[in-house]
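You will see chain A twice below: alongside chain B first, and alongside chain C after that.
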Partner chain A sequence: MLKRMTRLVSGARQLDPGRLLHGGPQAPQSLAAHPDNQVPDGSPRAVSCTSEGDPVRTFNEACLMVRRPALELLRYLKNTNFAHPAVRYVLYGEKGTGKTLSLCHVIHFCAKQDWLILHIPDAHLWVKNCRDLLQSTYNKQRFDQPVEASSWLKNFKTANERFLSQIKVQEKYVWNKRESTEKGRPLGEVVEQGLTRVRNATDAVGIVLKELKSQSRLGAFRLLVAVDGVNALWGRTTLKREDKSPVAPEELALVHSVRKMVRNDWHGGAIVLTLSQTGSLFKPRKAYLPQELLGKEGFDALDPFIPILVSNYSPKEFESCIQYYLENSWLQHEKAHTEEGKKELLFLSNANPGQLERLCAYL
Partner chain B sequence: MTHRFRTLRSLFLISRSGTPRAAFLGSSWPAKMAAPVGKAARGWSVLALGLRSVVPRLPGLTQVRWSRYGPEYKDPQIDKEYYRKPLAELTEEEKYEQELRKIQLIKAAPAAKTSSVFEDPVISKFTNMMMKGGNKVLARSLMTQTLEAVKRKQFEKYHAASAQEQATIERNPYTIFHQALKNCEPVIGLVPILRGGHFYQVPVPLPDRRRRFLAMKWMITECREKKHRRMLMPEKLSHELLEAFHNQGPVVKKKQDMHKMAEANRALAHYRWW
Partner chain C sequence: MAAPCVFCGAAASYRLFLGGRVSLSRKQGVWKAAAAELQTGTGFQILRLRHTTGVTTKKNIAALRHEAYTVDFIKKQIEEFNIGKRHLANMMGEDPETFTQEDIDRAIAYLFPSGLFEKQARPIMKHPEQIFPKQRAIQWGEDGRPFHFLFYTGKQSYYSLMHEAYGKLLEAEKHQNQLQAKGLFSEKTKTKDLIGSRWLIKEELEEMLVEKLSDQDYAQFIRLLERLLTLHCGAKEEFVQRFRRSITVQSKKQLIEALQYDEQGTAFSTSEGKRKSAKAEAVVYEHGSGKININGIDYLLYFPVTQDREQLMFPFHFLDRLGKHDATCTVSGGGRSSQAGAIRLALARALCSFITEEEVEWMRQAGLLTADPRVRERKKPGQEGARRKFTWKKR
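On to the complex of A and B.
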């Protein structure tokens, strides 16, 4: 589950693309926003973190470990046939094994390849703890979530600045009596409208998704839809109406638009999804399989998909993770350098990446 | 009861009416005789063999806070290295000891004591002192979050500093913790002594364990009371530890105040008879 998206101004060292392609175990932690020669220096990039502390402030860098599930996904993405409908890839696994960071790796790769990234950092945040639910202007049955929609629009804008001026809207959209977006205007205007008029933010999100879906088949850009915690879209919500009756997820406009996006009735891109029990509602703690977390409705909606299991560290990965921590002097305890200490860490964490990170935080 | 009576190694006894009273057994009472008192029993079990029956039964008083283990029970050996030594390397004494342990009765090891390489008795003691209502899980998580907070703050400072300063910045949270507590330990303490109907604050040298206790107690009290309502304990504690590490902050000030008061009262030092 992603905690937040932070901006990262590029200033880290240059990443050699070869490092990503070889299977060599590299470093863990969150997404690398290394600038390459193609990207101009100083351009801000949105970065997503899973851990409590910001690795950039702690290590002055942000690194990812290259692992098997991510490499598998990258291979599939490289061999995608964009004439066929978008393939859905679902990353699943137990808690703390690295699903979110594998997703981040894939997003980073696609961003380097100049795909348009549609990234929802945590779908669970949209179905719980929402202060203001407005009745949707577009469809009276549904609910709007202005805060979540506007924050998503902000992140979308940061991530895909270049495309916002290139893609043109194919219909006229009337916001209210005074404002409307004409046909042929750049998509950036829709996003601006959503950001300035927060009441229309949810509708702006819906429009953006619709436009991108219809225009991806034209081939001007390749679209990557990345959703973390996709099981939130088909579960239950903890939101209630004024009369305290529960709200179903399909009654939320944001969820409705993303569900349409995740259907494989478009081509010209790929859909990468992650299941997550951590932020999920009303699901048992030990559940990690797609059938358990998605439920019948969700599984049928996503079927067929390619499941990719993300598991705990292999011995080599574990060793390299410890080496990374030792190189950065993150493991300060004097016994952590010894064989005894490493064996104990392996035993205590069971090679689970999340647990290992929490252990090494205070050692 | 105050620590002073523990120093004199008195027994804690309760009368039939149920109120605890410390029984003074005279200043010349040897320290060994305190074996029946729970915590002191461990170190003196060998010497206290058979001494339990010699404890004078004062009429109307029964013992409280005693260990259920008899004096024949030995402490458990938790150290892994002790058992890993191959047979050839052991000296005669150690071989005899190992044989003896097979027959002797051994106490159960406490749940909090592990053979982990990362275990630290000072940290364990501090965690126990922070614990409220037996909630060790919470106390331990607060401790680990504090250590992590200290580490992160130091790392930030490290990256912001120039190359020369980087050598001086200490990033190990454990060394910072130990040094901070050492800096907070008072050398001399004040004890109320009754003379002529009045209590006088007499300066007294403190034993090691009392000093460590006071340092930890002051640190925890400071962090619990003098913080904003919404501030979390790890945040406040990490801040105080870092200040104490640099010999600044309210806890070190309290120690210095204690020293100043002891210096001011040094005329009363002759009231002390031990």
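On to the complex of A and C.
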């Protein structure tokens, strides 16, 4: 899959804001789905389910609009000094403005540059609606989530296959009486172990994160940590123990390990985070500022960070989005080509990408 | 006493007189005073000087049963009304001589305030002519012979009116032929009298003739009058004008707010709107980019539902001014949809100051400037809701 991406990059492309970038496997445009950029284009999506409005199958391609916040981020990333601790970038904005897709754009760019991508599609999924919580083998107070951990390991494996054989584990990990991973074995083995023994999946995730963090400073690869919906890590959960008492996020092992990852005590990479109100629990609909969504605890944990505001479409971006829909014959209404039609769409969606997409869905 | 005989044929109004027979005083023939204003064709009566011995035919008793108000009764009511009017004027401290019906209405509304929604159920004090329904006089004499020659058609006033109108038509044609023969005929069109007036509607004609009409009768009559109009004869105009009513032009009633100017010199205009229980106030600025703020929040966030945003879009889209105005609104009360409707009304009214009269008229016809009168209907006792009845159980 990575070979495909390198083939696409052969020509030096001038990225203007507003121009559509034809990329390889990209996330679907609907923000509610798991943007899954590790699955190759065209192959059956066995990894995770996407929503029905999947433009990749509809348009037979996956396109992203190049926008200003993403370009800004890319510029920062290009100029990062890897000797310094990892910088945190937080994408925030109103609902439906394109934070997740900007994140995907950044991930795609880094993947092209051969970074190691650690992508969590939606952290909210880890804190709500989990079926089984096991008591962690590693630490008695914490809870494991085998389903989510194993699905994440699968994604991670497909995304970073190349690195899995290169990186070597630096400690010995004993899984149970019969199985253990020796020091010096490739990281792929840990991942395999997590996939086969679902009970140990969460621990496998923890180990992977720890190893990557410690080894990134060696400089063999560059690490990009991308978390979507990071405000889930510091909010509340809807999970309950058997005695119906609520579970705090710290008691989830996955959350704990990701929190450690997001701390900027390592160098050799970057951390890009996105806030999201859509899946968040117990937060008002209109909240979009980092302060409101992260809460005091999260804000302090993430402080200092570089906030990047993602706003609605500018007129040029709106034009190009409409043009894209028209070229792909997505808009079937007669008035969609006319100026009045465009003005109507502009008014009704107020240049909000999510709203525009929903409006055009039945036009 | 011999009352004068009057016969049909002349275009003059007639008066109804009481039958001069002695026996009639017994029968209490009813003539209504307002029938004096009836049109031609209904006002004649042939009086016979015949002595009857008080034989009452069955017809007259049957006719008596329908008559509820005698002329004396009506006269007494009118006197009482006038006296009451003077009393009322004294009570209100106004001059009894110049006390009009509007003053009466105002005084009654003041003295007897009513919370009823139905305006016709509130207390009124009007002239008895308007209160007591018009009734027909007895159309036949003591011997049973009808007065009118068209009585046996069933609709005597209607047919006599048609007869008269047709007579006029024939006269006009004859006149025109004469003029044409003499060569003095000139093509003059006088249609300006018709603008601003309309034909009588069927109910009004029925009221005038005190007779029930069918739709075809009415249509026939109007056709005849229009045919009469095409003949351009000046003498017939008054006859036709009796059957026309003037209409007020609706659009003049629209109130257009004045423009105000703020510090930078941009023009803006303010107005209010209501719907159900939501009240909204909108300020529309002349130059802008189509942003709307509601209670300080962007309209996309305030109305996440597309339907509400379409309501906001309607006034601008109708006038083709989608991206040209900025607006700031405040709204309170009601629910999601009624707030959207209230803001839409306020926006439309505010936009009136920026557009031409013609466009205001178009907006009015599109219904953008009319406040939606629908409110929640009250729940009635004995029913589960406003309309829903309780489940009917057979036993």
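Descriptive notes on the structure:
Note that in this section the second predicted complex is superposed on the first by the 311 of 363 C-alpha atoms of A that agree within 3 Å, B and C clash if a C-alpha of one lies under 4 Å from a C-alpha of the other, contacts with A are read in each partner's own complex, and residues count from 1 in each chain.
Basically, a residue touches a chain if its C-beta (ideal position, glycine included) is under 8 Å from a C-beta of that chain, and two chains touch if they have at least 3 such contacts.
Predicted model, so just to flag it, every value in this text is computed and none were measured.
Of the two partner chains placed by the overlay, neither chain B nor chain C lies in contact with A:K172.
In the superposed model, A:L363 lies in contact with chain B only, and not with chain C.
Applying the stated contact rule after C-alpha superposition, one finds that A:E340 touches each of chain B and chain C. In the superposed model, A:K78 lies in contact with neither chain B nor chain C. By the touch criterion defined above, A:K316 lies against neither chain B nor chain C after alignment on the C-alpha atoms of chain A.
Of the two partner chains, chain B is the only one that A:Q332 touches; chain C does not reach it.
Shared-chain residue A:E94: touches chain C; no touch with chain B.
Contacts of A:Q355 after superposition: chain C is touched, whereas chain B is not reached. Across the superposed pair, chain B and chain C both touch chain A at residues 340, 344.
Against chain B, the residues of chain A that register as touching in their complex are 53, 57-60, 329, 332-336, 338, 340-341, 344, 361-363. The touching residues of chain A, when paired with chain C in their complex, are 94, 285-286, 340, 343-344, 346-350, 352, 355, 358-359.
Residues of chain B that touch chain A in their complex: 116-118, 144-145, 147-148, 151-152, 155-156, 159, 171-174. Residues 290, 297-301, 304, 306, 309-310, 313, 316-317, 320, 322-323 of chain C are the ones touching chain A in the complex.
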